[in-house]
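First chain A sits with chain B, and in the next complex the same chain sits with chain C.
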Partner chain A sequence: MHHSHIDRYAHGDSSIHRLDPRAKFLAVIAYTGILISFDRYAVSALAPMAVLPLVLLWFGGIPTWFVVRRVLVLSPFILVLCLVSPYYDRVPHAVSFGPWRYEMTGGWLTAADIALKFALGIMTLTALMSTTPFAQLLEGMRKLGVPRMFVVQLGFLYRYLFLLIDEGLRLKRGRDFRGAARVPVGRRLRAVGAVIGHLFIHTLDRSDRIHTAMTARGYRGEWHGLSTLRFRRRDAVFLLVTAAYLVICRWGYLLLH
Partner chain B sequence: MVLAMHMANELLSVPVAGVTLALGAALLVWVAWRARKTVDPEKLPLMGVMGAFVFAGQMINFTLPGMPGTSGHLGGGVLLAIVLGPSAGILVMAAILVVQCLLFQDGGLLALGCNIINMGVIPCLLGWGIYRLMLGPVEAAKPWRQYVAAWLACVVGVTGGAALVPVEAAVSGVLKISPVHFLGVMVGVHLVIGFVEGLITFAVVAYLRQVRPEALGLSVADPAGRRLSRPAVTATFLVTAALLAGVVSWFASSHPDGLEWSYMEHRYGDGANALSDPSETIVKVDALQAKWSLMPDYSRRSAALGDVPRDEEAVEEAGPVWPAVSGWGSLAGLVGTAVTLVVVYLIAAAVRRRQRLAA
Partner chain C sequence: MGNILDITDLSVRYPDGTTGLDGVSLSVPAGGRVGLIGPNGAGKTSLMLGVMGALKFTGQVVVDGIALSRRTVDEVRSRCGMVFQNPDDQLFMPTLLDDVAFGPLNQGCTPEEAEARSREAITSVGLFGLEKKAAHHLSGGQKRNASLATILSMRVKLLLLDEPGAGLDFRSRRRLLEILATRGEAFLLAAHDLGLVRDVCTEVVLLDDGRVVTSGAVERVLDDPKLLAAHGLG
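Up next is the complex of A and B:
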């Protein structure tokens, strides 16, 4: 009984996987910033923005169903907000698509816009995380100036995340097998408290043991890592191309008018 | 259910995202500096393991009585703040939110600042403040007092953080949903979530008190925490007051002004006339509207969709009485909360059925 690895494609090998994590991380941040800076009615202008995530996903060899499932799993909350917005914004807009022209209310445009931006954002982030091992991304973040203490903390969180999730699932299964669903609320609540409390104490003890083990191996509050990251020419080219692409997407459209 | 609180990028404008990111980063630096005093600096990185605990704790669900298929689970922020202290709690929550954003794509990259404030800083500070305020000195606290304190801390902490989501969305102006309605729904839903989370936190605190009481009295290791620090209480009060004032004023200022409303309506008429114009005019009108839409008189707009004339007359006769509109706002909030809960329930029931069929 194991969780499904959410970053199972990160350790693959492709031209995208081989890019420097810093280049990919900066590109994704810039992409997201440009993405949300689009006007809320500019639905058609978003079309070229789909190119970057699709290119990353395609050349990274990430299966389509995996990405589609990520988007669908995460969408309920944002979909509700999208579907409510036509109710509040009823200003008519003229929309043209090739030779066809018709009217739409602003609310529907906003809904389409937010849903599209959301899907594109998730796709890009999925592309980043499915082509970059988390440890390498952290190393890149540290080199970009994120404080070492926080990066190491994220590393520990990642290292023990799946381990403890498995432990949580085991505890839950044990509790359910013992007929937890049939007992009265009060006792059920007490069981939940005991299980989580037990897990908490376990974790405290575990982190003590980890610390002892680290001290035994020479840890004195300083972190020593063996960095293998190298920012090569192709990373610079990737960043430059992405920047040019983003500028054209965002402002090239305005020049046409 | 906790999923609903992660803010997405798409609800924010670039300036709001920038400001909240900067604020979040500054708060993190400050909190890390504070945590160095309460936690052994060498062990600070190990706080990440506690983050993993929160993920694991969320696996243990609690089936709600009377609603089979729906279950609540631990949010974590308030419990961490109670057990580890507020600064360590915020630090752990921030790490969790970063990992949730990067690894699970839950919550946007640029919304990270907002999420750290909404789900880390506010629940930890408010929750911890209320817990300590209600409890007094930890060693002498009676059990029931500790329980009530834990419970109230969750309700207020979680709801306080959630109440910021509509405010941030409204300031960004991307979403045209009435902020008052959105706020009503968020507060309503999270009061319920806070209630369940409070129950679970309370149960965990009860267990820890029984099995390892020293884990709860962080004060044993931290002499500064033995007494209630006055600046912390003041800060808590200020944040609470600011939040309350914010919420109350959102409700109060959605006050119906017939004249302004008709002006707005007139302008909307203009927008309709400009329909055949090229998009530039529309964009300008929209820009103007976007400015206006920041004002909370949006609840008027929505009321206009129902029976406007009668309402308008009634308001004019009675004079500007704000409870009338606040009534609409809270009614919308209540209805929205009920609808949201029903939807959550149906999804949970459907998922459960599928799981059962699969098994």
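Up next is the complex of A and C:
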């Protein structure tokens, strides 16, 4: 079975790949916090916020089509929010962009704000995931004090998500090979329900077997791991530069207005 | 030399009332290589899970002189390791190295020692260079060998191998044979692949319907076509 992996480009060897996962994780968390703190009508102020994800993606050697596809795949969830916003906020606002001036309703500004923040957020997350092997990211999170159980659950999710996708695809193929495409929609939907039910039962069974495999290798509720991370000077420099950039993006805009 | 495993009158009943094992007795000598054969549902996996203390049972299981009980289950598990039928159940960590180090770390090894043991085990099963790979990036044969490495790194005295050759191509199967042939640990190998049992085991136990039908030297049991046919193996 073939499906694109979350961290498809994570095993590269660029300057961004070589940064400590903790530095990248903290930078992305800080970036996300600053991004969502912007006023929803301050759309033009978001422009400088595009620099960090673009720099990470460019120097990380991540193909543009890969990033665009990630944004598009997840966009339907946001599209609904963007489409309904203009109906809820009809107060007119003056908008200026360089020498141009417009008047727009607050709803359209909110829609643009949601779309931009979403695209920038996904680009930054893609940059993080595509320049950091997931195992290292988990280790970094563990070292930063993220609750152990949460990190373990993320690890399991990553490990078994692909198996679940594979199982789902196999079940779907088995169903399709028996002519599922030719039956009425109602029966097809019932078949989808059965597939989801099967997947749920398979997942429960598997979790049982994994727990047995873990206890058979001495697991008693305490999680131990090998540590290979080293925080170097270049990681500290990256964090400092990112912090300065975020402060300028956020509060530089306030000073101008 | 004494026995590394002694099972006496072992019975396992599942919560739905199904009998998994019914009064099974067998033993594995230290350094011995015993094959466990039988049709589907004969109780091979149940027996291994019983030895690992993962199922409720009646009877007695003694591993390396330690009688299995709730109190001693951790000690028993540090002396025997099980390779599960499906490697995806065994490989749950983000990378191969983390997976192989999971057991030694739980045994109380320092991270340095666990890593050294893990690298040695990974190399011994022919997966050198794949330490940082995630399990879903390994082929079927590599996953099987990786599962074996997760147990070898624990340096146990008894290996319980549940269908280790299932689904392997010719090359991977030959690699498995080489690995098993060079190991010094005793093992109990459950398999439908009678050729594999013949190649690596010295004794064999035939299970059917949760009971031991016969046991003895590999040639005596496997060269009896009527016996094998009567139990769905020929």
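One rule holds for everything that comes next: the second predicted complex is superposed on the first by the 206 of 257 C-alpha atoms of A that agree within 3 Å, B and C clash if a C-alpha of one lies under 4 Å from a C-alpha of the other, contacts with A are read in each partner's own complex, and residues count from 1 in each chain.
Note that in this section a residue touches a chain if its C-beta (ideal position, glycine included) is under 8 Å from a C-beta of that chain, and two chains touch if they have at least 3 such contacts.
As the structure is a prediction and not an experimental result, all values here were calculated from the model.
*Asks:* In the overlaid three-chain picture, which partner chain does A:Arg190 touch, first (chain B) or second (chain C), both, or neither?
*Replies:* In the superposition, A:Arg190 touches chain B alone.
*Asks:* Touching A:Leu204, do we find chain B (first), chain C (second), both, or neither?
*Replies:* After superposing on A, A:Leu204 lies in contact with chain B but is clear of chain C.
*Asks:* Contacts for A:Leu144 in the overlay, against chain B (first) and chain C (second): which applies, first, second, both or neither?
*Replies:* neither
*Asks:* Would you check which partner chain A:Val68 touches, where first means chain B only, second means chain C only, and both and neither mean what they say?
*Replies:* Once the two structures are laid over each other on A, A:Val68 reaches no partner at all.
*Asks:* If you count the residues of chain A that each partner touches, which comes out higher, chain B or chain C?
*Replies:* Here the partner covering more residues of chain A is B.
*Asks:* Please indicate which partner A:Tyr87 is in contact with in the superposed arrangement: first for chain B, second for chain C, both, or neither.
*Replies:* first
*Asks:* Considering only touches as defined above, state whether A:Leu163 meets chain B (first), chain C (second), both or neither.
*Replies:* Both partners, chain B and chain C.
*Asks:* Answer with first, second, both or neither: which of chain B and chain C does A:Val241 touch in the superposed model?
*Replies:* A:Val241 contacts neither chain B nor chain C.
*Asks:* Which of the two partners, first being chain B and second being chain C, lies in contact with A:Gly121: first, second, both, or neither?
*Replies:* first
*Asks:* Is A:Arg217 touching anything from chain B or chain C once the two structures are fitted on A? First, second, both or neither.
*Replies:* Second partner only.
*Asks:* Take the contacts of chain A with chain B and those with chain C, and give the residues found in both.
*Replies:* 134, 155-156, 158-160, 163, 206, 210, 219-220
*Asks:* With touch defined as at the start, can you tell me which chain C residues reach chain A in the complex?
*Replies:* 49, 52, 54, 74, 77-78, 81-82, 84, 86, 88-95, 97-98, 101-103, 105-107, 111, 114-115, 118, 132, 134-136, 150-151, 154
*Asks:* If we count contacts the way the header does, which residues on chain B are in touch with chain A in the complex?
*Replies:* Within the complex, chain B touches chain A at residues 3-4, 6, 8-14, 17, 28-29, 32, 41-53, 55-63, 65, 74, 83, 91, 94-96, 98-99, 101-106, 108-110, 174-178, 199-200, 202-208, 211-212, 215, 268, 271-272, 275-276, 279-280, 282-283, 285-286, 289, 298, 301-302, 305, 340, 343, 347.
*Asks:* Using the touch definition from the top, list the residues of chain A that touch chain C in their complex.
*Replies:* Touching chain C from chain A are residues 5, 11, 133-135, 138, 155-156, 158-160, 162-163, 206, 209-210, 212-220, 222, 224-227.
*Asks:* Considering only the defined contacts, which chain A positions touch chain B in the complex?
*Replies:* 6-7, 28-29, 32-33, 35-37, 39-41, 70, 74, 76-78, 80-81, 84-85, 87-89, 91-94, 103, 106-107, 110, 114, 117-118, 121-122, 125-126, 128-129, 134, 137, 147, 149-150, 152-161, 163-165, 167-169, 171-172, 175, 181, 185, 188-190, 192-201, 203-204, 206-207, 210-211, 219-221, 223, 257
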